[in-house]
Amino acid sequence: MKGWMGKFRALFLFSSLALVLSGCGKENLSALKPEGYGAEVILDLMILSIAIMVFVFIVVMAIYTFVLVRYRAKKGQENYIPKQTEGNKALEIIWTVIPIILLLVLAVPTVQATFDLAEESTKKSDIQVEVTGSQFWWHFEYKGQEISTSQDLYIPEGERVYLTMKSSDVIHSFWVPSIAGKVDTNPGDNENSMYLEAYEEGVYWGHCAELCGPAHSLMDFRVVVVSPEEFEQWVNDMKNVDPKAEPETTVAQEGQELFQNNCLSCHAIGSAPKGVGPNLTNFGDRTKIAGILEPTKENLVDWIVNPDEFKPGNNMPSNLVSEEEASKIAEYLMQLQPSKITPESAKE
Amino acid sequence: MSTAVAQKKGFGAFLWDYLTTVDHKKIAHLYLVSGGLFFLLGGLEAMIIRIQLMKPDNEFISAGLYNEMLTMHGTTMIFLAAMPLIFALMNAVVPLQIGARDVAFPFLNSLGFWLFLAGGVILNCSWFMGGAPDAGWTAYAPLSTTSPGHGVDFYVIGLQIAGAGTLIGGINFLVTIVNMRAPGMSYMRMPLFTWAVFVTSTLILFAFPALTVGLFLMMFDRMFGSAFFDVNAGGNVIIWEHLFWIFGHPEVYILILPLFGAFSDIFSTFSKKRLFGYSAMVFATVLIGFLGFMVWAHHMFTTGMGPVANSIFAVTTMAIAVPTGIKIFNWLFTMWGGAIRMTTAMLWSIAFIPTFTIGGMTGVMLASAAADYQYHDTYFVVAHFHYVIVGGVVFGIFASLHYWWPKMFGKVLNEKLGKLTFWPFFIGFHLTFFIQHFLGLMGMPRRYWKFLEGQGLETGNMISSIGAFFMAFGTIVFLINVVYTAVKEEKAPADPYDGRTLEWSIPSPPPFYNFKQTPLVRGLDPLWVEKSEGKKGMTPAEPLGDIHMPNSSILPFVMSLGLFIAGFGFIYQVDNIAWLSLVFIGMGITLGCMLIRSVKDDLGYHVHKEDLEEEGGH
Amino acid sequence: MSNEDVLNPKRMPHEPEKATLEGKNKFLGFWFFLGGETVLFASLFGTYLALNDSTAGGPSADELFGLELVFIMTMLLLTSSLTSVYAIYHMKNNDLGKMLVWLGVTVALGFAFLGCEIYEFYHYIHGEHFTFRSSAFGSAFYTLVGFHGGHVLFGLLWILSLIIRNAKRGINLYNAPKFYVASLYWHFIDVVWVFIFTVVYLMGKVG
């Protein structure tokens, strides 16, 4: 099946390329450029369904075009009365039975894939991450490892990572199009699960896909796929973080103190249960600030002083600290780089 | 009689006439005008959405306002534009097609309209009273139950009142079609539009109460401190999703089925052929209606129902493609061998076939549960439902309006302007929505206030926004056409298109009692049957006699006004208990009117035989 | 049929409620309405079943309910359904007096039922501190049973106003359909109560 599917996919991609000037979108974001197991299974299903649909569409359009060309009323025949046909049993049976068969062809792989993608973790050694959606950021907790992070989810290449999903406020939906489909995160007891299996190292874009408030469109995150060895290294580094480690420069030291006085009630550093705000253990390695801004110090200062300007409706208070204080805090946060494994490692 | 006579009496009398009318033809006018205005409002909201998404990182409107726009666009278009426009067609056409003098419950018919209008006005008052609802038209809890301000309260109360009106309308048409058919008009001789309205009304009857309950639960949570959707007190937010979609999925068939019926009539008329496979078409309509209740959870594949439930709902959803396919082929073969006349009504119908086929096919793709994990809540879904709702419902409404305009207003809409409406709208529609399939697959979720640079989404969104302007242009031309036709066009004959069904056997527009003598129906396409035997019109089923007509009444308007007042009381009693007085005043007015209606005899009046003879002519 | 014939029929047909087109429409329309009401209560039952264990630490169904009172309420409502059948029987025989008597008994039984329900709620709220806001279970319970209670109250007011309006004139083709659909409504309320008794109270005690 894979063989002809592969060729078909090339054909499909080529034709959609012709359709859309921008191609199939960015390879770290598009569902049309799968880089993981779930996305691949789904793309195969999409292609199968599109093939069936294109076939049906061609049949319909052939009859349609013929009818419209052939049976237009002609000039001078205004009083022509066509034969009043009641119907045709044989034809009607054909266009009932053939669609049923076509749908069965689609239904069987659909059910297979639905069960396939619902696989849950069975072994203790599986990597399991608890994902919690919050307005408007993501919390990740590695089960049994005492690692908490947010916004950047590190996973190893080629291994299944099992996620359990919930929400601390409203419903969100966790979506990394190029690796797998999406699953909602519900508040309360309705916990969900899914798994990610990425084929290639890289940094993949994730979106929230369920309307969750004003900054819904800015609730982005990244999945950082690194090699299994790098992942192991990262886990070790993260486990051994000293949350109280003193920074090197004096500015950063002042920043640390300001941070502890102003920010620590919401933001944790080091392993800790999900707080009011994102965990900042490896903030210095983040791909983006707040999921959307380039990780520069100026951006961070602006963000700390007035987060509402960038993510409307988020829960972080504005003007909690002065710009000068924010600058010191930023200095401290930017140097929180507990591991050598960073999003850069995924780009080799 | 209506317009001309009323104008002589002055504007006050004209207004009073419409406020108190129980005539289904005038109620159709009311539905058309208010539904049309809400359609323009919803369209304006759509334009603002498309302007915001024209370029990446745009700041045209704020995030909060954007969420209000998208919520109000969806809610307005579904509940306040599509539904009333369909009710306008139902009211204008169904009684005429079955040879009835009015609907079964003229009083309730009027009540249904005024309730809808009261609900629609309440909903839109939110714009001026602290902000519109902002939790999406689906209003998922707990985003909706925790949304600050009163926006979502307006949604809850507005839809509750409008929904009650719709339910009443549904029951009315069910009884009308069962009890009020002319002699000889058996079920299997009913025009497809009437059949579709029958099935749609059944869907309304069984679907809307689920929404009613959902809205009550949300109202109690927001206004009276209950805990249905509060997870800290044991609540469960998924209940809302189920209740909403148990209503919501049949709702989309409620919208599309009447237009399927209208298309069937139009294809048949303008091909000069009887509908191909009539009984299969009826069967397919009923089957679609039935299956419509078995598939609601396909909106919830990513909610986490598990693979078993997902698979079941995937397969039942796919099954709907079969009766829909039957319909498409039957329409094609209705035209096959016919003499096709390309009127504007036919143009919209012909454009509908490929458009709806694409929408139906993406529907099957979405039904594939596993694949939906990618499509769900992306622009792919947005593209899909606009292909079926605009490509089916809006095209259908335009087709029907062009087709039945002479029956509603006595003049045929200008054909040139009609085509000038069609082409920009049709091209703009595909420009706007085709590209959105790809935007979704390329990673753009729906309901996004902004998309950021560097995601490869710029071109697609730009094209989409340009298309929207074409659609707006087409709509404006339609409005011009309405005015132009009213001023310039000639009065239409009774049967301008060589029609086949009963509505074309009486004058355009019909007298207020519709049929001077109830016609005798001798087959499918009754007028065509008579014409093919060389007769000019229908054979009457009864001698000329007195005609019983219902009395006009202001009560429906006052009852709706009572609920309108009570609605504001409910919304604001959260802030200050004094507002509860409005609830009591409003409910008092409504219940008082019900009491009056119950105890005051209202037997209607008779149009006397002698007066009918005097009118002569028609 | 002239209006005079409707109000003062010369000969009363056997089924006066369906003798006119308006009557037939009312009869059929009301059945459809009850179909919608069925979905309404089905949705409420579904919600109740989804939340009946979500007590959030508050009292549970088993702790709250006592079957004695509920049994009496069931009997009251079932009997009232029977008496409304008698009333319609006498309506068909064109016997206004007997119809009014039986309708009166129906209304009395209905008010007795409502009194019991108010007592029951009062007891839960003040005795057990179990309110609409206690938990999701509380919300679902009061909503389901309260909706039914509201229907009972509406039905009582409706039948009462029909009795008062028509006490001084006979049964005719105009008011017969009104009495008939009011009795249909009353039966429907009764059927819903049987489900509430089973699903809420019996299953709450036993399940």
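Observations, loosely collected:
Per-chain numbering from 1; labels A, B and C assigned in written order.
Here, a residue touches a chain if its C-beta (ideal position, glycine included) is under 8 Å from a C-beta of that chain, and two chains touch if they have at least 3 such contacts.
This structure is a prediction, so every number in the text was calculated from the model and none was measured.
Using the mean of the Cα atoms as each chain's centre, the chain most removed from chain C is A.
Located most centrally within the structure is B, per distance between chain CA means and the overall CA mean. Here the CA centre of chain A is 36 Å from the CA centre of chain B. Chain geometry summary: the mean Cα position of chain A and that of chain C are 52 Å apart. Between chain B and chain C, the centres computed from C-alpha atoms are 33 Å apart. Multi-chain contact residues of chain C (touching two or more other chains) are absent. Looking at chain B, residues 235-236 sit in touch with two or more other chains. The touching residues of chain A, when paired with chain B in their complex, are 16, 19-26, 29-32, 38-39, 41-42, 45-46, 49-50, 52-53, 56-57, 60-61, 63-64, 67-68, 71-74, 77, 80-88, 91-92, 95-96, 99-100, 103, 106-107, 110-111, 113-118, 165, 169-171, 173, 175, 177-178, 180-184, 186-193, 205, 207-218, 220, 292, 312-313.
Every residue of chain B that touches chain A in the complex is listed here, in rising order: 62-64, 66-67, 134-136, 140, 142-143, 146, 231, 235-238, 271-274, 276-280, 302-304, 306-307, 310-311, 314-315, 318-319, 321-322, 325-326, 328-330, 332-333, 335-342, 350, 353-354, 357-358, 361-362, 364-365, 367-374, 376-378, 435, 438, 441-443, 445-452, 454-460, 532.
Only residues 104-105, 167, 171-172, 174-175, 178-180, 205-210, 212-214, 216-217, 220-221, 224-228, 230, 232-236, 239, 242-243, 246, 546, 548, 595, 598-599, 601, 603-604, 606 of chain B touch chain C when the two sit together in their complex. Residues of chain C that touch chain B in their complex: 1-3, 6-7, 21, 24-25, 28-29, 32-33, 35-37, 39-40, 43-44, 46-47, 50-51, 54-56, 132-140, 143, 158, 161-162, 164-165, 174, 178.
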